[in-house]
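You will see chain A twice below: alongside chain B first, and alongside chain C after that.
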Partner chain A sequence: MSKLAIEAKNLTRYFGTKPVVQQVNFTIPVGSVVGLLGLNGAGKSTIIKMLMGMLEPTRGSCSLLGVESTSLGPNERSRIGYTIEGHFLYSGMTVRAAETLQADCFPKWDSLLFQTTLQRFGISPHERIRNLSRGQRAGISIALTLSSQPELLILDDPSLGLDPVSRRALNETILSFMEPGDRTVLLSSHMLDDIERVTDRVMIMTEGRIVVDSSLPHFVSRLSVWTCECSEPLDRVQIARLVSRRQVGRNASFVIVDADEMTQQELHRLGGNTVRQEESTFDEGVMAYMSRNRSAASLMSI
Partner chain B sequence: MRYRIVAGSNVPIFRQIADQIGRAVATGDLKIGDSVPSVRQLARDLVINPNTVAKAYSDLVASGVLENQPGRGYFINKRRQVFTKTERLRRLDETIDLLISQSVALDFSASEVLDRVKELFTQKLSVAPE
Partner chain C sequence: MNAWVRKEIKDSIRWLPIGLVLLVALIWYQIATQSPNFFAVRSESLFTLTWFVSAIFATFLGLANYLPETWGSARGFLVQRGLSLHRIFVIRALVNLAVYLIAMLAPLGALAVFFAVIGPNSAPVNPIQVVPSVITVLFSFSFYFGAIAVACRPCRWYGSRLFPLLASLAISFAAVSILSLHNQPGASAIGFLLGILGMLLLVAASRSIFLRGPSQPAPSRTPNISIYEKFMMIAAVLVAILLVTAFSASMTNSYSVAYHSVQFTNKGLPWLVESRTVVKNGYGQQLSEVKFPISESNEDVDSKPDVAELVPGLSFSYPWYFSENYWDMLYVGSCTSSDGHPLNVMGFRGLLYVYQQDALQRSRLIAVVGKETVGDAGVQQVPFEQIPRLLTFTYNYPPVLTGLASSYKQPNGTRIPLGAGSFTIVATDGIYHVDLDKSKISRLLDKSVLAYSYLNTARGASDSSNLAIWDGSSISVFRCEGQALNGPFQISERITTLTLPTDFGVKLKSGDVQFDYRDPDNWTIAISYYERSYVKSKVEVARSIQKEIRHYTTSIPQSLSTANIEAMKREIFIPSCLVPPVLLGAIGTATYLLGNPMHDGFGYLGFIVAQAIFSGILAILAARWRGLSARQVASWCAGGILIGLGTWFLVLSIYPRVFYKKCPACNRNRRIEREKCESCGAEWKPIAPLGIELFEESNQGAEAIGQTVPGQTVPATLAVT
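On to the complex of A and B.
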């Protein structure tokens, strides 16, 4: 039995009468890098805020490192790293001064790791924070977070607005953080390429619910893309295990989960011998689950 | 040999790695008994999750291309063929499909393509020792 880094049970949050997170259940064992995906407003940040104990659930509960999020003490918090886009930094400070300020609060501060991370992002410790690029500021945020040697790292959209070089540095930083094997990362991002590279599991949220929770290779291999010339209006098409549909030129395109012989027969009825089947890319799969043309697809789990 | 991958491709990253090793074995760039980088090293070089490399390697072990020698690493295996005839044909047809569509697009006739295939086959195989 592996230990759990994160657990959410029936996690639900309303803002007024509006449900933002609805009965979300998942567990993340120690040693995973999990990507959390979803459109803006899908509920990703609300979940993360509840995990961090910054927001109370309306119903249900969640815990980090075995401790209920609403009662995380300083001891647990020092084992958790949390970075958000636009991390607050005193702009007049030098990088070195920001490090000293932070290091004083953490007994396990790793100054060497701080320097290594700065180097990855091409930052000099003598620089003033106000003179740094957006990518470098993100680098400082993550360097400050990691150098306290947390066991669990929660990143809320850390790559927003980063250039490709900084994104690569961020990916390298996350992967080297994971190397000891007893650490865990939850990464919320819109950068599908980064998620595909760095994570081993994806969770996709739409409208407050988790619609996909799957290992990465498994996710793509269960999906297939089918195209055909289709005389019927798209929104009336009924196919079992249909995830989403789309019109592409004269063709209809369907993303289907766990397609089988039935699928083939159903599509043949629709499009005769114009039916073509392809494998799904990671992007196509994610888009299919996030799209507004999503059908009432079966929920996917690991 | 240099490994390269792209994210966002219609070929999952683990399969890109497996394909490159498979191809290198076919062309003789990797020979029987050669080692491949450790899971951790290749993951670091390519900036990808180590489980992705591990998945590629375990698929290659399952298909008989690689052999895992615990404690030593992964090596190109002697035993080459573990696929059934049908599976081998299916894999070959996939590649030929691509060849045919490219040939038509570039305006080559079937016999021109066949001649070229034979020519390159001889060239490659004379380089690649059995």
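On to the complex of A and C.
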């Protein structure tokens, strides 16, 4: 059995009496690149904060590199890279001073990698951080994180608010970082194409729980998309393992996980001869999971 | 780590001008308003000013350092590095201490240099006056750590968040000890030790709060409240109780007080006079005077006088009653030189410094008076045991205070020719005459002087004055010629010596002494003093009528005192509700054991018991509300009984809020963060699957919690909400 980089057991977090993360279990072996997806408020950042020891779990536990998250010390932290949502940096510093500060705290600092990453984002080391654009700040944040050569990299929505060029630079940087193959990455993002390009496994969160934990091909293979013409209001439709449904006029579409014989019969009852099965894509599957409740709610108003 | 030190220096050094400018501005204002003579520049006022500024600056530094890290992602960025939080805390504390000390000590150092340059020749100042301010700067750094606790404690701003600053206030108060160093070195040392101990506890408390993390929203599974944090909060709440109680007592709508004095009839019969005053909102208003004879047993000597004939006697002066301290020159008195210039006499460590003031109120040191010589500053002198006092009438106010000095202004700005006069001083070993013209000091009377008084010459036919001197065992009365100030003064003859029958000497030091004297055969001395406890005072009288000495002792009538205490007790009931029961009990027991209970026994005891029980119950409720264990609840109940109502607030401010949910097994409330129900022991049920879960078998997460896995058929529909 491969060594685990990340392990979460029954991880639960409440804010007051509101559950934000509920009984989440997952493991990420060393060398995996995992994408964490979900709507805003699904609990992604809360999970990451608990993993990083910034937030105490209400119940359950989690560990990084075999160490309980609440007990992470300087030695363990120097083996972990973490980019914070929003790319917080000490804005009064120059890029060079930020590097010096970071290099002082991480023993395996790679100055060459830092310079290379800066060049990729077109940043001068003499600039003051407060004068940089959001994309450039993201570049510095990534450069500071990656240059410490972490064994485990946790990225919390690193591409938030970036332009396409900066996003591409960001993805290239992450991909080049993963080249050695023994590095573990947990990437939380809303950018589906980034996740599809970079990761080999995806976890999707909704309502504080993980509903999908699968490799990308496996995820796509288990989903099926069905379309039909249907005059019946869809809110009365009962289909097993239905992930989401949409209806525009008489045209209805359904995303179903592990569709079986009974499911097809029910669909034929609804749409008769108009029922067709289509190939599902990664984007479509993720969108179906993420928009599940929203599509249901929207149906009510039709 | 060096880079982190540099980063902290850069972060903190930018605040240095704020503290520096604030302290310089206030010191400058203080000095400028006292210019040019600087008589009113005292170490106490510099101490207060520095205390204020250093407390504000230290608090600002702490908040500026730590408060921004409670917002957004700053805490995550701070924590996620190969440098422990402990090291970061230590580096920050040292860097900010350096910045703080530079900002606070640089102006004080400059002030000390200024004092050294102008003093003592041009003004009664000296560099060591800034020493108490330096001490308060050191102790006020406790506000930095208090501010860290304020920044990092996840509490409401309108709740207990600012409370750590009260603990800082208590610690910085230890610096006050330095001002009494001269008189009570033991007490000062204890004050310093307590302050240092408190500082260490506060450092440990703020460190533990910082390490725990500023943004742990409730519910918290392991509150991990350190013992230091508890100490800090207990100290803060006690200070809050003290402040609220003192403020409430001061704002008590009205209470009455009674002052007692002795007055005399024309025949020397002493009467006790009680002046009743009502204090409303801090302002006193005299209500009435009650007069009655000290002793009814003296009717064999005197008949009862007409009350209107009563006149006050004279009070003795105590040379050692100056509020002398180790740091400042002390204003002793004023007189005029032989050519009419105002002279101000200052005392410092047993020597008298005589300053002459010109028309522009600038001062110049003209003489330093020692026990044997009159010389210049810098000349080695033999100091007196205590700072001597000018022998003067009580109505002879210094001319500088009456505005007389302004009349000496000369036309065309011509300087007045400086002159020098003479004056008489009372030291502990006799009376001295100082002739500034001849730079000479001579002893007029070689006698131990514990207290002295000029006798009222208005009653006598002679223009000469009489001087009464108390040497510890007897009172000697001398006839004097000339003026004690500004003229030839001589003690011509001893009129009489009155040897007192009792140990008045001891009581004389602690009581108010009044002396009525007409002739050797007709005199009365009355001493009122407090016996055994501060609430019960006595009056003792020795009289000589026709060479027969009689001695009387009387207590101030209980009826008057009791009525007064009852009135006060009613008024201070509400503020005393906050006073810890243990303290009330200690006061009650002490006064009872001393034989002068300030309470009426069962009523007082009942109040303490009721308050203790009520506080204990509130503490239990608060502790249970915070979900504490039975043992902790019992401990806090005991705390409530001892500390009082503040315990309720203490428990709520120390421990975070806890949250409950209905247990699905037993339907009773259970703690959200506990794995098992406290009532039935049931574990939380796995959350119901949505029916659309998709897990690849190689990923092990789902099975562990019973979520849906491939192959399971869970009928599911979309949740339409």
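Here is the rule we go by: the second predicted complex is superposed on the first by the 287 of 302 C-alpha atoms of A that agree within 3 Å, B and C clash if a C-alpha of one lies under 4 Å from a C-alpha of the other, contacts with A are read in each partner's own complex, and residues count from 1 in each chain.
To be clear about the criterion, a contact is a pair of C-beta atoms (placed from the backbone, for glycine too) under 8 Å apart; a residue touches a chain by one contact, two chains touch by 3 or more.
For clarity, every value in this text was computed on a predicted model and none was experimentally measured.
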{"item": "Fit-or-clash call for chain B and chain C when the two complexes are aligned on chain A", "value": "fit"}
{"item": "Partner chain in contact with A:89 - chain B first, chain C second, else both or neither", "value": "second"}
{"item": "Touched partner set for A:242, first chain B, second chain C, both or neither", "value": "second"}
{"item": "First (chain B), second (chain C), both or neither touched by A:165", "value": "neither"}
{"item": "Broader residue contact with chain A after superposition on the shared chain, chain B or chain C", "value": "C"}
{"item": "First (chain B), second (chain C), both or neither touched by A:75", "value": "second"}
{"item": "Angle at the Cα centre of chain A, taken between the Cα centres of chain B and chain C once the superposition is applied, in steps of 10 degrees", "value": "160"}
{"item": "Contacts of A:289 with chain B and chain C, given as first, second, both or neither", "value": "second"}
{"item": "Gap in Å between nearest CA atoms once chain C and chain B share a frame through chain A", "value": "16"}
{"item": "List of chain A residues in touch with chain B within their complex", "value": "33, 168, 171-172, 175-176, 178-179, 192-194, 196-200, 216-217, 220-221, 278-283"}
{"item": "Residues of chain C that touch chain A when the two form their complex", "value": "1-4, 7, 10-11, 72-77, 79-84, 213, 215-222, 659, 661, 672-675, 684, 686-687, 690-696, 698-702, 704-705, 707, 710, 713-721"}
{"item": "Parts of chain A lying in touch with chain C, wherever the complex brings them together", "value": "8-10, 14-17, 22-27, 49, 52-59, 73-75, 77-78, 80, 82, 84-86, 88-90, 92-93, 97, 100-107, 201, 209-215, 218-219, 222-223, 235, 238-245, 257-258, 289, 292-293, 295-297, 299-300"}
{"item": "Sites on chain B touched by chain A in the complex", "value": "7-10, 12-14, 40, 43-44, 47-52, 55"}
